[in-house]
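Following this message is one structure expressed as structure tokens.
All chains are identified by letter, namely A, B, C and D, in their written order; residue positions are counted from 1 within each chain.
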Amino acid sequence: MMIVLGFVLRLALWLLLAPLLPGLINKVKAWVAGRRGPPVLQLYYDLARLWHKQVVMSTLASPAFIIGPAVAWVAVLAATLLVPLGPAGATLSFRGDVILMLYLLALARFATTWAAMETGSAFEGMGAAREVSFAVLAEAAMIAAMLTLAVQTGSVSLATMLAPSVGTSAVLLAAGLFTVLLVENCRVPFDDPATHLELTMIHEVMVLDHSGPPLAAILHGASLKLLLFAVLLTQAVLPMGTYSPAVAAAVLLTGVLVVTVGVGAVESLMARFSFRRVPLLLTTAVLLCVFALLVAWQGAA
Amino acid sequence: MRAGPWLVLALAALTLSAVAGRRWPRTWLVLIVAGGAAAAAASVLVLSGAPGWEWRGAFRIGGEALHLRLDALSAVFLALVGVLGGAGAVYAHGYWSDAQYPASAPRGRAWWSVLVLSMTLVLTLSNGLHFLVAWESFAIAAFFLITLDGGARAVRSAGWLYLAASHAGTLALFAFFALLSARTGSWDLGPMNAQAALAPLFWLALFGFGVKAGLFPLHVWLPSAHANAPSHVSAIMSGAAIKMGVYGILRFSGWLPVPNAAGWVVIGFGAVSALLGIAFAFAQGDLKRLLAYCSVENVGIILVGVGGAMLASTAGDAVWGRLLLAGALLHVWNHGLFKGLLFMGAGSVLHATGTRELSRLGGLWRRLPWTSLMFAVGVLAVAGLPPLNGFVSEWLVYLGLFDAVTSRGPSAWAAIFAALLLGTAGALALASFVKVGATVFLGAPRGPAAAKAHESGRAMLAPMGALAALCVTLGLAPTLAWPAIARGVAAWHPAWPATAAPLALQAIGGAQLALATLLIAGAIVAWHQWRGKLARRALTWDCGYAVPTARMQYSSASFAGIVTGWFRWILWPRLALRRPRGLLPARALRLERIPETVLELVIAPVGALFLQTASGARRLQHGSLQAYILYVVVALAALGAMVLEAGAR
Amino acid sequence: MRALLLIIVPLAGALVAALWRSDRSRPWLLPAVGTVHLALSIWLLAQPPVVAPAAWMGFDPVARAVLPLVSLLFFACSIYAVAYLRLRHERGNRVFVATLLAVIGLLSAGHQARHLGVLWIATEAVTLAAVPLLHFNGTPRAFEATWKYLLVGGTGIALSLLGSFCLGYASMHGGGSGDLTFVALAAQGAALSRPWVLIAWVLLLAGYGTKMGLAPMHTWKPDAYGEAPGIVGALLAGGVTTVAFTALLRVRAVVGAAGEGATADRTLLAIGLFSMGVAALFLLGTRNFKRMLAYSSVEHMGILSIAASLGPVGVFAALFHVWSNGLTKGALFLSSANIRRAANSASIDEVRGMAALTPRSAMIFVAGLFAVTASPPFGPFFSELLVVRAALGAGHYLAVLLFLACLLLAFFGLSRVVFAVVDGRPRPATVASSRRFVETAGALLPPALLLGLSLWLGLFTPDALRESWTAAAAQLFPAP
Amino acid sequence: MRDLNLLIGLAMGLNLVALGSSRLPSIIRATALQGVLLGIMPLVLEHDIGWQVVAVAVATALGKGVVIPGLLQRAMRAAHIEREIEPFIGFVPSLLLGALGTIAALAVARSLPLLPEHAKSLLVPGALASMLTGFVLLIGRVKAISQVCGYLIFENGIYLFGLLLIGSTPLLVEAGVLLDLTVGIFVIGIIVDRIQRAFDSLDTRKLTVLRE
């Protein structure tokens, strides 16, 4: 009974809290720019509205066009179930779940890009190509980051991996993971979710043809993914294991908030990079994670 | 039950089918499916715990007594051969029928039987001399299958390249077995780990079998051979034939002692093969060539597992070695299944449209719904995505690598390297197969061929369906396969006895099953709920552009453009460009070709050097008798000098 | 007496052929003699006679190990010759049939010669007797080939005469009785004058090496094989070269007895590798499929020479290889002769697509290619594997590396030419000329028989043959 | 012994004549004369001259001195050639090579381990010099006839060496060797004749159709 209750609670936490993050980021951006900005709960309103809208489908698209977003959403949601929430722990935890989590995110990416390609549009093809290409380097960085955690904790399960004793590698890891977060969630400086110039976008341009509930699933999935990365980043960097449950919960919440504000700050202070420079930044992220791995190796020895 | 009778039955049926192949297609089909099934049954028996089967005959061939042996390691591979041999035969019945290819179909059937038969023998013969015989007849059968459609020049040159590379590998094995028998005094094979002096022989085996397996710098023959062969042949070549190379490496690293560096080298080459194989695959514009390069990647993944197991066995039989080897063996199955499926799907596309060019395909899902569906299953599997089988084996390999890293021994560095490269390769595989699936099946047809395509017949769809079903089964219930794989691992390394499925594997099995349920439920719900809300079908919005044409779609080359740029240092993309000029440009052109880098930039120059030397030498034979007599005098002098020098010492 | 019949019957046949009136029926003498010869040699193989040690001629183990192959090859060629000469009815066949029979008679003599002088006489006689066979076609090209064959071959044969003299002098120097049988020479052993033995070895190796076709004395081979009819090529490659090879083996045994075996082996190994290398390079470039066979023959002579340098194990492998190579080469020569006749050219620039025009010959040709490049399950695979094993056993790792590299290059060259001939779409001119050629049983069965025998030899080597090779190795390397 | 050495000396001189002459008739004549000299040698060498020895001597002298030179001369006349032109090795270098070779042959023969009874004889140096001369002609001359003469002189050299063994080898073998050699030269002569008819020339530069 307790297990089911815990599961439902965690699920609700993930599902309900996720759309808050984009709202917070937008609020931070507006604040920095001196505007009032949209309400923090704007995404909730959007989702509700989209859910009731009708669907328009391209003549070229197959059923996978609307199944894709659903699959992507399920995949991200499944990934969140593997990520421990501080003292609340994860719904499912076993040796090697970290790899499953990475590949669930990959599955989500696959479903999104596949659905994008359904339309036969050059724009969405372009977005999909960018998405899968930049993911290559992000994936390498993620593997390096996870290896770092594994080395630090001697474990290959997220539940224990994400409670490292804080080491010198934390700073490097934080920087690397934060960069990965930005690229995986298509934020500035890799992508600009606010622009409407199709040629410069990644994620937005992929979902140009989606409408109604599928678009809602996509948007919600994206916010879930952002939350997942924020949670992951916070726990990977801070020594969660050393805190008492209450403190840990507070620290996790604060951490997620800090990350969110950080994203907003970056978006306010930086411009989007030209595409030629994106790989460079990503390579830097990979190197940061690899250095973190080396430092962790030395530190744990 | 004993496995022996089944194996004998399989050999008999396959032999008969080789005889029947030319005349009686139906009898052939029955025999070869029966043979494949019997072979698979024998393997399943051994893998499910029946005692391994060993038989020594008094009958001598080439002066050596026959010695057959089916242990769990052979059985792992034999099961795959049986399945693909049968499925491919059914597929060929529709794909390469007598009606369409009256000249080559009978030949194709006979050689198919020879191929499956000789692969079965390679896996079961336990005498070096006979192993070589079976090995070479397997190689030659494959050659004749590749060149079945001998009319096309590309096919012929691909066939020749395969034959040449294969022969190079065979000669290394020639030396390997000759040296082995010279050292041990017998052609008989079996465990001989105690004789440490045999360790350096491993390098010969690695080269010889590596050529066949398509290990990265030795893969030069693979893309063109697999691309130009008839698709059922590509399926068994990629699915089973290259696994014979893996089998060889595993077999002789298990039976013979290996040098200390072996694990490092194998895991290194495996990781590099994985990354570069998929990088090349992503850049290809030819459907089957892309699939072929992807086989290089997957062999790389398998060899990472194998190399890791070798490292573990030299590092005091570490536990993670078992995981790696189990992952590798499971990936042998998985890759065989999904690559067979994908090549058959590619065959259906080729059959329907007559082209393998990605830039001429597109939008086939409407005309080939079943092919599309099954190809999509293959795509999900090959990209290593949960909840299908490709993920399970890759997960085992990753888990082994992570464990190796956390064990913090010296081999951790190899594991870190391999894990990073595998991760990158995994993301690239996803990118590649999004590209393939999308450019072939999604969007609008890019040419008239794709627009007039037609679905394949049942003989072609049924084997694809069977393979897809196996992919799903292995993905959802990996614990079913575990005992078999564990026995294979135990056969490789006796100190690693077969145990029950590890807890993590059970968990991943459960997770896969749950995920599949969730995904299917989600998909069904989405489709039913949201279809009800479908307002209308409209032109792709495309930011409001109202006259889209099929040629405006993102093409294969543009999809891969970014990554091709990153891998420019090894891909060497060649660009033919004509920019639009003037106010109203009439023509513009942009052609990108990805060369076979190793072949064109390494092998070809070396070959040219040899040819140059040869043509230089040929000038010595210029028809003048005077010179010929001078050569005799020179030879006399040289021989005299040799003898004098020997006398002086 | 039975052994002498091997020589007398063909020579008598040659005489009859020379006197026979009818051009139409004369060729049937060939299979008649061939059958008798084959039956005799198989009988002798099964029940070897006792040879007096001092005999000048005799069916000793070395002859027994090789002569039946020559017999077999001649038998296949004789059947083929009937079909061939019927096609070539425009040319008289009196000289051809008579000399062919004389060649086989003299070959039988050469293989049985146990005396230095007799051996030389028989070998030289074979060389001369083959001359009319070479220019059977009567074209200027054929005369040119014959001219080169005669002068290069003549130089070689003269060198081997000089070598024989030197060996005789070595014996005389050591107080020999003037008995030049190999048994007597070997019995002198260390008493032989070593410098003269070595000089003799160099000269004999160069001389008989010319006859064998070891590089760089092989230059006559491509011309002769390219211009002569296919049967002549098959007999030269499988029969005549083996006389020279067994001659070298016999001389090597004397050199070994004199205590210079190691030096002889070094030279054999070196010249063998050199031959293989040269052949491989030439195979990479040649554009004529009959000349290709000649270079392949050079390559295999190199293999024999290498094997001969590896002691008794190597000699066993060498004799095995003599058989497997002879049979396979025979099949290749005869099938290529069919293709050559049908296409009216031997150049790969003009001939292609023969799989469509002469399917059965093309099939034998392709199978022969795989056989001759040591692909199992044909005979050469097993014999070459034995050679490699013997070389590895003797620790010649570098030599084995070169050996395998040459095999690979040779495979590239051979397969390139063969598939160019067989595959593709035939030219109209080829189609037209092939209409005049019918693949009759007489033209197909002999090469198929030889190929089948090569297969059978590899898979199920008869014990009698194994035993004969062992005995020959024992004769050449007597246990101390 | 002195008579023999005198004959060998003459033969060595004829080598130089053959090397230095540009006219084909003189080469043929020198070769023929050398053949006759060789025929006489066994008569000088043997102590008890039986009919067999006489037969061998007469056969050698006739074959090498008359028949084959005759054949060559006929071919020469039929081809209307008198002179060797543009040899690969010029006449002066040939002559120098021949002279140097003769000196070297003397030196080499001295270092060879000969039996005492042969040490003073010119047989070995004569053989070496003739063989060298033969090679130079075979390699250096363009006309087929000169090459055949070269081959003859080369064989003469071997014959000279063979004389070392006379008496210790059975006559049957000697006769066989001789027969083979003669037939060989005869066949070569016939082929030269055929080539002359087929090509209407005896220039070996035309005989280079067969090549790689």
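Simple rule for what comes next: a residue touches a chain if its C-beta (ideal position, glycine included) is under 8 Å from a C-beta of that chain, and two chains touch if they have at least 3 such contacts.
No experiment lies behind these values; they were computed from the predicted model shown.
*Asks:* Farthest chain from chain B, going by the mean of C-alpha atoms per chain?
*Replies:* Between chain B and every other chain, the largest centroid distance is to D.
*Asks:* Looking only at C-beta pair counts, which chain-chain interface has the most contacts?
*Replies:* Of all chain pairs, the one joined by the most C-beta contacts is A-B.
*Asks:* Just give me the whole-number Å value for how far the CA centre of chain A lies from that of chain C.
*Replies:* So the centre of chain A lies 77 Å away from the centre of chain C.
*Asks:* How many angstrom lie between the CA centroids of chain A and chain B, rounded to a whole number?
*Replies:* Each chain reduced to its C-alpha mean, chain A and chain B end up 35 Å apart.
*Asks:* List the centre-to-centre spacing of chain B and chain C in whole Å, with centres computed as mean CA coordinates.
*Replies:* Chain centroid spacing, chain B to chain C, equals 43 Å.
*Asks:* Using CA atom averages as chain centres, what separation in Å is found between chain C and chain D?
*Replies:* 31
*Asks:* Would you pick out the residues of chain A that each touch at least 2 other chains?
*Replies:* Residue numbers touching two or more other chains: none in chain A.
*Asks:* Residues of chain C that touch two or more other chains: which are they?
*Replies:* 147-148, 151, 155, 222, 282, 285-286
*Asks:* So which stretches of chain D touch two or more other chains?
*Replies:* Chain D, residues with two or more chain partners: 138, 147, 207, 209-210, 212.
*Asks:* Would you please name all pairs of chains that touch?
*Replies:* Applying the touch criterion to every chain pair yields A-B, B-C, B-D, C-D.
*Asks:* What part of chain D is in contact with chain C in the complex they form?
*Replies:* Residues in contact with chain C: 112-113, 115, 131, 138, 144, 147, 151, 154-155, 158, 161-162, 164-165, 168-170, 173, 176-177, 179-181, 183-184, 187-188, 191-192, 194-195, 198-199, 207, 209-210, 212.
*Asks:* Enumerate the contact residues on chain B facing chain C in the complex.
*Replies:* Chain B reaches chain C through residues 60-63, 129, 132-133, 136-137, 140, 147, 150-151, 156, 160, 163-164, 167-168, 170-172, 174-175, 177-179, 181-182, 610-611, 613-615, 617-618, 621, 625, 628-629, 631-632, 634-636, 639-640, 642-643, 646-647.
*Asks:* Considering the complex alone, what residue numbers of chain C touch chain D?
*Replies:* 115, 117-118, 120-121, 124-125, 127-128, 131, 135, 140-141, 143-148, 150-151, 154-155, 157-158, 161-162, 165-166, 168-169, 172-173, 176, 178, 180, 193, 195-196, 222-223, 226-227, 282, 285-286, 291
*Asks:* Within the complex, which stretch of chain B touches chain A?
*Replies:* Going by the criterion above, the answer is residues 362-363, 365-366, 372, 376, 380, 383-386, 391, 395, 398-399, 402-403, 405-406, 408, 416, 419-420, 422-424, 426-428, 430-431, 434-435, 437-438, 441-444, 502-504, 507-508, 511, 515, 518-519, 522-523, 525-527, 529-531, 533-543, 548, 550, 552-554, 558-563, 566.
*Asks:* Could you pull out which chain A residues touch chain B in their complex?
*Replies:* 53-64, 66-67, 69-71, 73-75, 78, 92, 94-100, 102-104, 106-107, 109-110, 113-114, 117-126, 128-130, 132-140, 142-144, 146-147, 150-151, 154-156, 198, 208-209, 212-214, 217, 279, 290, 293, 297, 300-301
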